[in-house]
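In what comes next, chain A is part of two complexes: it sits with chain B in the first one and with chain C in the second one.
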Partner chain A sequence: MAIDMQQFHQVFFEESFEGLDAMESGLLNLDLGDVNAEDINTIFRAAHSIKGGSGTFGFSAVADFTHVMETLLDEMRDGRRQVTQAAINVLLGSVDCLRDMMQAIRGGNEINRHGVSQNQQALEDELESGAGSPGAPSAVAPASAAQALGVDSSIVGWTIAFSPHKHLLKTGNDPVRLFRELATLGDLSVAADLQGVPDLPDLDPEECHLSWRLSIASPVPVQAIEEIFDWVEDDCDLALQAVYARNRSASGESGATLPAAEPAPAAKVGPVLKPQSEAVKTGEPDDRKKAAAKASSSIRVDTGKIDALINMVGELVITQSMLSLVGEHFEIAKLDQLKNGLAQLERHTRELQESVMNIRMLPISFVFSRFPRLAHDISGKLGKKIELKLVGENTEVDKTVVELLSDPLVHLVRNSLDHGIEMPEVRRAAGKPETGTVILEAYHRGGNIVIEVRDDGKGLDKDMLRAKAIEKGLISADAILSDKQSYELIFMPGFSTAEKLTDISGRGVGMDVVRRNIQALGGNIEIISELGKGSTIAIHLPLTLAILDGQSIAVGDETYILPLGAIIESLNIKEERVNRVVGKGETFLLRGHYLPIIRLHEIFKVPHPKAMRLTDGLLVVVEGQGERYGLFVDDLLGQQQVVIKSLEANYRRIEGVSAATILGDGSVALILDIPGLVRLANQ
Partner chain B sequence: MATILAVDDSASMRQMVSFTLKGAGYTVVEAVDGVDALTKAKAQSFDCVVTDVNMPNKDGIALIKDLRALPNYKFTPMLMLTTESGMDKKQQGKEAGATGWIVKPFNPDQLLKTIKKVME
Partner chain C sequence: MSASAEMETPSLEQTSLQFLSFTLDQEEYGVDILRVQEIRSWEPVSRIPNVPAYEKGVVNLRGAIVPIIDLRERFKLGWSAYTELTVVVVLQARIGDKTRVMGVVVDAVSDVVNVNKKHIQASPSFGAKVSTELINGLVEVNGRMVMLLDIDKLLKLQGVDDEDY
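Now for the complex of A and B:
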């Protein structure tokens, strides 16, 4: 049967990358003073799985490399080798190397053979470094002896004395199966020896009481017979005797018949394996190209989620059939029934949608899991003492968000580790514990996911930030900035606060990019900091990028959608609360705060708005970037979930608009982006 | 047709085994570790068990030992998927009551050949 092994490659890669992540975090968590065997076993198991899978799926380079890692880990697991920091570092390097190899294979690219062999050498050096006992003696040598036995050309057949031990049947083996296999080798005669059969009262039907004498009239190699008895070797007494051609025994060599009852176990393994690994090698380059062509994005889903989905579809089908029944002979008396059905349909559709969305949700641990390594490497490099805590790793978030979140988060965490946490002596002098703490936390709030990077480091110095910004000409010397605005300076392009550039946080070109990336995901980022105490950077992101809870608003003949989460309240405007400042626009006094008024019809140049005077329309109070604004609109229409269609992908980026959607009547509505609107209004 | 329980913590290996056996007409139930397998083996009867050795939550050897202790599985063929380096595992497996083993890496044909050996 020819089976296309490529169909399993994608799954293999995914689980291998997960395995590598598990190895990495396992290695990072090893406590050299108190090594737990189960921890090593977990790491070993991941390596073992990758080795087994890569061998089976034809990636022999990966299998060979993992084999060396596995040997090292095996010795550690058995306690034959001490776990040293050096060994951990070599293993961590090997994890990186393996990851590169698999990425190259998956992408259809050449493996960096130089890097691989360097890493493999490091592993082998570590293996030989004497911390472990010498490995098991090579079991290859006896094989040649056994092979020599099998190729004697004067052999014409074999006699086999086979006495199974009583428990043989209880291993699931069956003498009849063995005989059937032997019969495939040549003419087989079987004679049962009934001597061992007890009297009926003593006979245990679950035990094996018979012995056999078999003979095969075929010059098969001894290994072929041994292979058949391989599984029962320890569960029986077995004696093989070669039968020689008559002329040979006549020449007086009959004494040289060769009992080969106790061959070395490895003798059987050698011949079985060889042809296979050759096949694997020749198949590899071709397989790789095909795999690359087929590489696609996939997602592993908890079966519980699929079950929930199927359940919902079932409900939906029932509702649908009920509705079509109502519709078939509709009369006005059935109106209530129809309304009920439609309400049910709406509920089920929403639940179905939630179920489908749920499938795209992944735990944020997919992103978080790389940070312990990052913290380990950076603290080692900088000589800092850092403890990284991960909180809320199981918080689920849309797959796309997970993928796009990774880079910005790396940047933020690096900043915390590099700029935030002080050197141990500085911390001690400031009366803080020497070990700095960085907490990476994710949690849900409303329809958003919030991810915080908190550190107990030195915090942001707003005077220094301000001075720097003035020096760089980013703000004018007389600019009045709130605390918040001062912190936000670090998001300005070209702003760098590090006194010297390091290879860890780069040259300060990042934070503006970080903010842009987060905003592109429909989120925002804010900073809270206290000098000497630490900083918190919080990223707020929508749970999904596919669907949005929106509020439709009318301006002239246009309909716009506002993200429901951004709306605080809506109110009628009383003229006496409006203030106009020349050159600064209009503000509305709401409970002691002045909200800047943004007239949507002006921003988007909508012709014929129904409300020109503020008192004729509505003010929608929204929040963006931590500030509140009043959007002046004609009217509120209704709340609905809208499917987000990217404007950038289909047209181009437009300031003040985050995306578009299609309304129930088929018309297109733009989804508004509050921070963008504010920027437009300020221009 | 016979029903086989395929146990492996690696999804790709599990799928490969399952796909191969289903292609040959067997009914296959998958389990992700020893604990899962034991639960499934108690809930329904299998004609053969193929299990990986190195698994979290009860490894293949402990699984075979537990299964052998159940009246239903006294004589059921149970095969371990093991690597060539795991000689001592084979021994432990045999002691636990394994019927035999399939050496990794293996291809679908080798798997089928071995399964047929114990199932016919």
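Now for the complex of A and C:
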């Protein structure tokens, strides 16, 4: 019975995408002047394993495509071909193409065949254009050296004489599988030679007595065939014979006469690539969404982390058995032992918790690694000179953060590259070095991770932002804005400063979405900018989304958790400091500022609050979205670390509540969300 | 592989269904037993602010936050005090491509009944105190009428699932 290959697909896709990333960064790091064979080898290996995997899983389109790439890389690796910028660009385009193909396959969508065949043509053109030197090491097969370099354009097919040795079947190889593989290369016809089959009495059913003559009507490279027979090479006699087109004379034209040749027009590398990338782009958002919906989430964990976890569990088990021994025949003399045991248990539990959290932590390089490519592409497209520096790539962040961060970051970096950095001549005129610098940095500060996108570009023009906002009716003409408020205008929906739209950025749907995404992660975003010198956009995010330092508060019989980070202070209320605005809204005068008072029992309709009068309860000063509010509660309980549990998994989103947690007594407490509370209070 | 397994299963399963029946007020309801995760006794919940009254709150079910819905209030059958006999049936609903676990408060669980598919009648368009869209069908068990509930519809939440799916 066939093995269900489906179960391995996930792993294959994951590995392939990793391989593609590796290829991409490898290609970008290639130094044209001094090509390191090991670098090319890394790229080659990645391509090779994608090809192998896709062949195994029957994704022949991917396998065929990768094969052409591999041939090109192979020649580069052996030094038979110069590494040129054009070749690298073609290969980069192919990496994109492969990624799209994989995404399409994973999402169960149609592959963009047109784009693929164009890209493949570009690769083949590249292969032909710089054919290696004639002194190349000759191939094993009786094919000519030229064929070893790829596809001799006058070849239309192959005939293969395949006579396995008798013990072939015992080695676990099945000729039928080989043939099936061959059939993926092109039209295959198989003729079995029955002459070697002995009479029935002499027949050993475990031996292979057949031999075959196969012919493929497709101009595949000889390596493709050899590869299929790779495993049985020593267990058979194999002869490959190329079949040539009848009009061999004009090899340039013969391409058109090939029965199985790609229909794409032969053109120069550059122009071919462009339409492909555009075609892909139009289909992209949709495809990606579908693929994302289907992909189940998994995580690769460093085995070191798992070992630490196993150690910890071991310790925990020992402590537990020690405790149960104490408990079995407990007498008061053992009280100290019990206390020690409990202390140990507490320590182990905490360590275990930390190790488990650690598993979810990934280095931020997972997000950062895509940006060199982005910078490479954009600088090429816009004619800018840009250097992208990555700092602190090994900073670890929660997996969820990593995933959700990538889109907002792409947006910010694109903005910096596109709008921030000026054209070289402008920079020169401004007395700055022609090459603009964009720095992407991640570091820890307190319980937060900070990610900064810094550029030394033209910076934000406050007056222009203001004028734009007034023009779009986002603020009134006489609004008084601080510097910070002016910069924050760019986060307003419908605000775009780009004079013309480019396909890189500037559709005006960006920054407000970016801010919303960041806030959804419990973080915030801020801008510092100086006109003419550049801007810095800093994202502050909680280190992990799974645990939170909380302050328990009591209202009526209910307990809620406030994130400790949101609390500024808490104080008793003196009646004389309370003012009422239009008879309703209450404010509290704190050091010269009027804080709006939000009564938690009111907005949450808590039955039987203990404190109805402001003087009976406590005012917790909290901060949300840069503003301060006074949250009126009955009492403060204790501080504790709480594990964040999703309310939405089985239930719904509740305004004013970010999540839930489970308290020491097993009951559920809601974690408050300040911006949500403010919205509720304003309703 | 899976295809052949399905072929081999006896046809009994295709004609007969098992339901867990429970009572609300004087009425008897049934839910597909395969969707019942467990049956628990009532325990205090943590109230959730600003939701319909029949969404009583959430409890901690072995580390998962699970909402509890009072079916009496949901079906407007009148309020009754929670006693030791009050039971929470924990159900699994498939909404969209997600599985959601929820508890429903019922007066008492009565029985597990085998029902032949053929004997299930379409629900009438009037007469029940429930809007009949939540009812898959009616079936007679030992002379009593049991209303079979559509769990996926039942556990859809106002304002959450309407627009999403």
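Here is the rule we use: the second predicted complex is superposed on the first by the 402 of 683 C-alpha atoms of A that agree within 3 Å, B and C clash if a C-alpha of one lies under 4 Å from a C-alpha of the other, contacts with A are read in each partner's own complex, and residues count from 1 in each chain.
Here, a residue touches a chain if its C-beta (ideal position, glycine included) is under 8 Å from a C-beta of that chain, and two chains touch if they have at least 3 such contacts.
Since we're looking at a predicted model, the values are computed, not measured.
Engineer: Please determine whether it is chain B or chain C that touches the greater number of chain A residues.
Structural biologist: Chain A has more residues touched by B than by the other partner.
Engineer: Touch check for A:V582: first (chain B), second (chain C), both, or neither?
Structural biologist: In the superposition, A:V582 contacts neither chain B nor chain C.
Engineer: Scan A:I480 for contacts with chain B and chain C and give back first, second, both or neither.
Structural biologist: After superposition on chain A, A:I480 lies in contact with neither partner.
Engineer: Touching A:V11, do we find chain B (first), chain C (second), both, or neither?
Structural biologist: The answer is first: A:V11 touches chain B but not chain C.
Engineer: Of the partners chain B and chain C, which touch A:R180 in the superposed model: first, second, both, neither?
Structural biologist: first
Engineer: Please indicate which partner A:I332 is in contact with in the superposed arrangement: first for chain B, second for chain C, both, or neither.
Structural biologist: Touch partners of A:I332: none, neither chain B nor chain C.
Engineer: For chain A, which residues belong to both interfaces, chain B and chain C?
Structural biologist: 1
Engineer: What residues on chain B touch chain A, complex-wise?
Structural biologist: The touching residues are 9-13, 15-16, 19-20, 23-24, 52, 54-56, 68, 74-78, 81, 83-85, 87, 91, 94, 97-101, 103-110, 112, 117-118, 120.
Engineer: For the complex, which residues does chain A have touching chain B?
Structural biologist: 1, 3, 5, 7-9, 11-12, 14-15, 42, 44-45, 48-49, 51-53, 55-57, 63, 67, 70-71, 139, 169-173, 177, 180-181, 206, 230-231, 234-235, 265-266, 269, 272-273, 276-277, 279-280, 300
Engineer: For chain A, which residues are in contact with chain C within the complex?
Structural biologist: Those in contact with chain C are residues 1, 4, 558, 603-606, 645-647, 649-657, 660, 662, 666-670, 680.
Engineer: Going by the contact rule at the top, pick out the chain C residues touching chain A in the complex.
Structural biologist: 1, 44-51, 57-60, 63-67, 100-102, 157, 159-160
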